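You will see chain A twice below: alongside chain B first, and alongside chain C after that.
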Partner chain A sequence: MTLDLAQFHDTFFEESFEALDQMEAALLKLSAGAVDSELINTIFRVAHSIKGGSATFGFGDVAAFTHTLETLLDELRAGKRQVSPPLVDVLLRSSDLMRDMLDATKHKRALDKERVKALHGEIEAFLKSAAAKSVAAPAAATAAQALSGTSERTGWRIHFVPGSKLLRNGNDPLRILRELQTLGPCVIRVDARYVPPLADLDAEECRLAWNAELSGDIHEDQVRAVFDWVEGECELLLERFGAAAAAAPAPVAAPAVAPAPPAAAVPTAIPAAIAPAASTAAEASRATNAGEGGSIRVSIEKIDELLNSVGELVITQSVLSQLAAPLEGAEELRSALGQLERHMRALQESVMRVRMLPISFVFNRFPRLVRDLGQRLGKKIELTMIGDQTELDKTVLEKIGDPLVHLVRNSIDHGIESPEARVAAGKSAHGTIELNAYHKGGNVVVEVKDDGGGLKRDKILAKARERGLVGPDEELSEERIYNLIFAPGFSTADVVSDVSGRGVGMDVVKRNINELGGHVQIHSTPGKGSMVRIRLPLTLAILDGQLARVGNEVYVVPIVSIVETMQVRKELVNSIASKGEVFRLRDEYLPIVRLYDLFGIQPDHTELLDGLMMIVEADGKRVGLFVDELMSQQQVVIKSLETNFRPVTGLAGATMLGDGRVALILDIPGVITRFQTKESRRESAQRAA
Partner chain B sequence: MIPAVKTTAPPAVADEPGAAAPVAAAPVAAASAPAVPVAGRVVLGMACTIHESQALRAHLLEKAAHPGPYEIDGGGVEQIDTAGVQLLVAFALDCLERNIPYTWKARSAALEEAIRVLGVAPLLESPGVSSFVPGGAA
Partner chain C sequence: MNALAPEHGADAQQFLTFKLAGEEYGVGILSVQEIRGWSAVTAIPHSPAWLLGVINLRGAVVPIIDLRIKFDFAKAEYNEFTVVIILNVGARVVGIVVDGVSDVITLAAEQIRPAPSLGNNAGTSHIIGFGTLDDRMRILMDVERLMASADLGSIKSIQ
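Our next item is the complex of A and B:
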């Protein structure tokens, strides 16, 4: 038989990267001074699992490095070594290196051997340092004492029943039990009652089970770590015995380990009917255990296929509803279609939820970032994260990471003042950065807040005037002034010295968020801090839209962008030289975007009073969108133009309507950009003429 | 329960005693079993892992067709895993059920370690035959 271990590589890498995230989070908690055995065990378990997996898959370099690291962690775990900042630094760098090594292995790139060697040397230097020698009672001695009977024995009774497929999956109880025996004195007894006659035995199925008695003061996590790789593939019961068991209830209720039957009494003659039944029961139990709170990994492609199919079903259901609408005496049909619609909606939401992940996947990188950058800049910064379980679509989540990193970096680098400056300003020497995520309406809001010096309004405005971004006499609201930092290339250190860099790359941040259909706002109070608020759609697959007709075309306007809709009287309309056609809405003048003109189509109406004006907003800019008429509001399934055709400025995608027509979905920021470009060209042409 | 017997010769298993060089072979016990004819000699190959498990199973079944007694030579085993050990346990249990004695000619260090770690030593002692090595696990 050829067991292709390569099929497990992706899962191994994926799980290892997740485990390294946990390791890093635990290390960061250690560095904050919260030394506890649970944290150390978590860190150890990660290294241990990666070592085991790497060895199994033949990733020798990773296994060798992790082995050395594990030795150091073992000393930490055994209390032989104290947690110190230099040690945490080395461990953090080791976790970085392991990540890079795994990444290189995954992508079949060469490893940075020099870096590996250097860090390996640092770890070995730690291992040789005197700190380790200041320890009392090595574990082995303790175990020996326990066995000698000079004190009451403590330890674990372990009942291990491998699943029948465990061997096929590349796991080997021999390796597991060998490792278990490294934890302390261990008596192992095999249970062979389910081994069928040789002729009936599937050679690749595991039919053996084991009972073990492990002596010593061993933490449950250490025992469980040995079985990490077969979790969900075996039945594992742990029962503590001895003094520790008396002091604390056993974490897992488990039957006492029965002494192994003598060889002659091994029940080999179990009737065939019983053995499979018992085996099936054991497997059923394993299946139940795996199902309880368990999870399966499914590729994102499969989820997307499912989502796409559900999207098509929604469209079909919509077509059916539309066909049934005019039918007379079809109440029952319409009622059934109404029910179908509700079920479709529920199904769609369920599938959407599968794609949702907590934002902690992104937030988790920030403790490290804040720690490292704060240390480098000599700033004391506390990071608070709120709502890290807020869920949003995986694609949105993947794309929001970099903009958030940029914002947090900016807060650390340029927002939070030095401890001396803060104290001089009457603030605490410790600055704070707060990340907050929450759901609001159909959106996810993420806020990055700091209590630093805030943006300098006057300097930003002066610079904007200097660059011609704002007219000499033009008055702007606070919000629009702060939004200037998102203008491409606006901010440079020499210009806005005390907020230097605030705008560097901020245009990219904004562009990325806009591309996700999100919006950015910035609020700032001089001397007290700033807050960037990002509003993101929950998903990129479905949109709540308002259908609007222009001539024979139907457009979908994202409801999130619509401020209000009105009819515009002629007397409210003006033409301004620099802005073209505008209309007055209460205290402000808004440009009129004639959609038919923008997309070159034949409308029903060109007179403003005959059509409707939709006031839409994006990036703090408002315009009036002139259309022939409004139709219904509905949730639409977004089909990518980029994938199916090509990107078009002003269009976010397309969808199919209930009557089978294709409707284009407007991208309001893009519509405004397209409009401004068109206006600029028109003006240039006029000037040239 | 007597297993059905097949006679396929496995390539992963040495055909005759001595075909695979014993690795740190342990001393043979002074067994009281009768002299074993060639047909009853079970010679384990260098590798007895899940990859060779089908072949090993076939070899053991072929030997089981012989009325016994058996002599098992595990001196050449360099690599063995749980799948390999489980087949030996199944073979031993079949012998026990059929009341056929067997002896161990040799066990390599790798085999010995696997037997010890997996705690199967008591199962691999033929009834009525003195212990090959002290039984029990670590």
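Our next item is the complex of A and C:
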């Protein structure tokens, strides 16, 4: 029986990365001082299963490193070693390294061998430092190693009785035996005494057992590692022979983890009877996993397909409702359609929720970040996370990670002061960073709050004036000043550090969030701290839109881009020869973008007084968008134009209206860019004339 | 992937033929998804004249190209015979407007004559040959090359 193991690689990597996240979380809790055997067990289990998996798939480097790590963790678990900050530090770095190693293996990139070696050495140094404290086992092993020079034949007698269900669980005893042969010269004999009469034989059950004699000076752990994958599913008896046997305290006879009573180790019962008796750590963890709600892995494409189909159903349903509306005497039809509509909504919501994940997936990285960065900068910081179970769309979640990291780093680097400065200012030496996520309306709000020094208003303004972003006499509102930090390349840091201060970052934060259809706001109180509030849509698949009509075409304007809508009186409009049309909105002059002109369509109205002016905003720029009339506001399902066509500047996609027609969704930043390009072209044409 | 790519051993191929300004054209039957009547489109701003716009094809946004405009034919009328052939081009779905669908024909390899060299005119690169059946000639087109030349952006081929 040969299996193509490659098909399991992806699952292995995915599970390993998740397991490493758990390990990191557990380590961070350990570092906080809580020594809890359950935490240590979690960490151990992660290392153990990664070791087993990578050995099975032939990722030797990972297996070797994890093996050493596991030895260290085992001592920790057995209470032979105390949790200390340097230990946690090494373990944290090990989890990083394992992640990188797995990542490199996954993408078939070269490994940084030096780094592996260095950390491997550190762990070994740790292990040695304990040698004095520890008891018999390692000492015996050292003794055995010392004896390796002698010519006398040493080795292991192995009695391996697989459980009858071993094959069904996807394990192959042959592979195990082959791996055993790689350890050294090995004589394997099949033991057929458990094979039942032919009539009772079930071809899917494993009834064979093996006796093997493995020669060479091999550590017990190495032998056990071969059987790692089937521990708990087999009976394994190891007995050392030759010179080393004398040094070893006693023949080691027991299934790998669970110390079964010696009687069970004597192979008298049929293997099937043994399997249930063995309650190993591996099996226990499997049981707990199954207990935690139960979940299945589904590819994102399948969910998106489902979401698309539901989107279509919603559209079809609204077409039906429109068709039924004018019918006379069709009360029952209409009420049935009403019911259909409610069910559709419920269905759509549940499908949306499938794509939703708690924001803790992003938040989880922050305890580590805050700890490391705080340590490096010599700042004392406490991190509070509220609402980490708030759910949002997976795509949004993936894109919000980097911006949040930027914001938290900024808070640590620029926000929180050094302990001395804090004490001098009458604050506690510990700074606080608070991450808060919650639902509000159809949005998710994420706040990053610190109790540091707040934004330096005057410094920002001075820097902006210096860089020509703000005129020398221009006065700005508080909000506008704070928004300056989102300008590309803007930084007030006096010294550029490797943490921040290069001025890249905040503009990226803003851009990423805008791309998601979100908003960023900054609040700051000098001396008290600052807060960045990010407002995000729940999902990218649906958009709150305002339908606007120009001639025969209907466009969807994203509500987030709309500031207000008004009718423009003639006296407010100025036509500046060099600047084009503008109108006065309170104390501002805004350019007028006539959508029909920009898109080349036939409008109903060309007189500003007859149509409507939508004030829209993007990237801090405001313009008036002139349309014929406003229609309803509704949630629309976004369809990409790229799927079958190509992206078009000024359009964010398309959607289906209730009557089955396609309406284009405007991308306001794109519309403004398009308008500006057109204006500058017109200007240069004028100049040429 | 591409039904029209001449393959060894596959000597007979099926083509859907249609009329464009009096001429008959053919495309590989395997790239045809469906044929539907003419319906109103939503225009895309700043697009070439031959890109009429997009339609809602059971929830998918599908661009519609008028080959008659693309090929610079004198008139492009929209009447009861005007049909849209929905094509699968690589991973994309695209509709083409034609004057009418004629037939499905089977052509053996020897019935397809390679296109004569028309000089360095890139505008004809989508023509893969001429198929003769019953003394009539059809211009056979490669939809992928046609769409590539139709400025739809590079068509992603399925690996």
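Going forward, the second predicted complex is superposed on the first by the 422 of 689 C-alpha atoms of A that agree within 3 Å, B and C clash if a C-alpha of one lies under 4 Å from a C-alpha of the other, contacts with A are read in each partner's own complex, and residues count from 1 in each chain.
Here is the rule we go by: contacts are C-beta pairs under 8 Å (C-beta built on N, C-alpha and C of every residue); 3 or more make two chains touch, one makes a residue touch a chain.
Small disclaimer: the values here were computed from a predicted structure and weren't measured.
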Checklist entry - Is A:663 touching the first partner chain B, the second partner chain C, both, or neither of them? => result second
Next on the checklist: Applying the document's definition of touch, where does A:545 land relative to chain B and chain C: first, second, both, or neither?
Outcome noted: neither
Checklist entry - Which chain makes contact with more of the residues of chain A, chain B or else chain C? => result B
Checklist entry - When the two structures are overlaid on chain A, which partner does A:199 contact: first (chain B), second (chain C), both, or neither? => result first
Item to check | First (chain B), second (chain C), both or neither touched by A:654 | outcome: second
Item to check | Which of chain B and chain C A:53 touches, first, second, both or neither | outcome: neither
Next on the checklist: So in the superposed three-chain picture, is A:181 touching just chain B, just chain C, both, or none of them (first/second/both/neither)?
Outcome noted: first
Checklist entry - Given the touch rule stated above, what does A:600 touch, chain B (first), chain C (second), both, or neither? => result second
Checklist entry - So, does A:591 touch the first partner chain B, the second partner chain C, both, or neither? => result neither
Checklist entry - Can you list the residues on chain B that touch chain A in the complex? => result 1-6, 50-51, 53-54, 56-57, 60-61, 64, 80-83, 85-87, 89-91, 93-94, 96-97, 114, 117-120, 122-123, 125, 127, 136-138
Checklist entry - Contact residues on chain A for chain B in the complex? => result 1-3, 167-168, 172-175, 177-178, 181, 185-190, 192, 195-201, 203-204, 206-208, 210, 212, 260, 262-264, 266, 268-269, 272
Item to check | Residues of chain C defined as touching chain A within the complex | outcome: 40-47, 53-56, 58-63, 92-94, 152-153
Item to check | Residues of chain A that touch chain C when the two form their complex | outcome: 308, 311-312, 315, 553, 598-601, 639-641, 643-646, 648-651, 653-654, 656, 660-664, 674
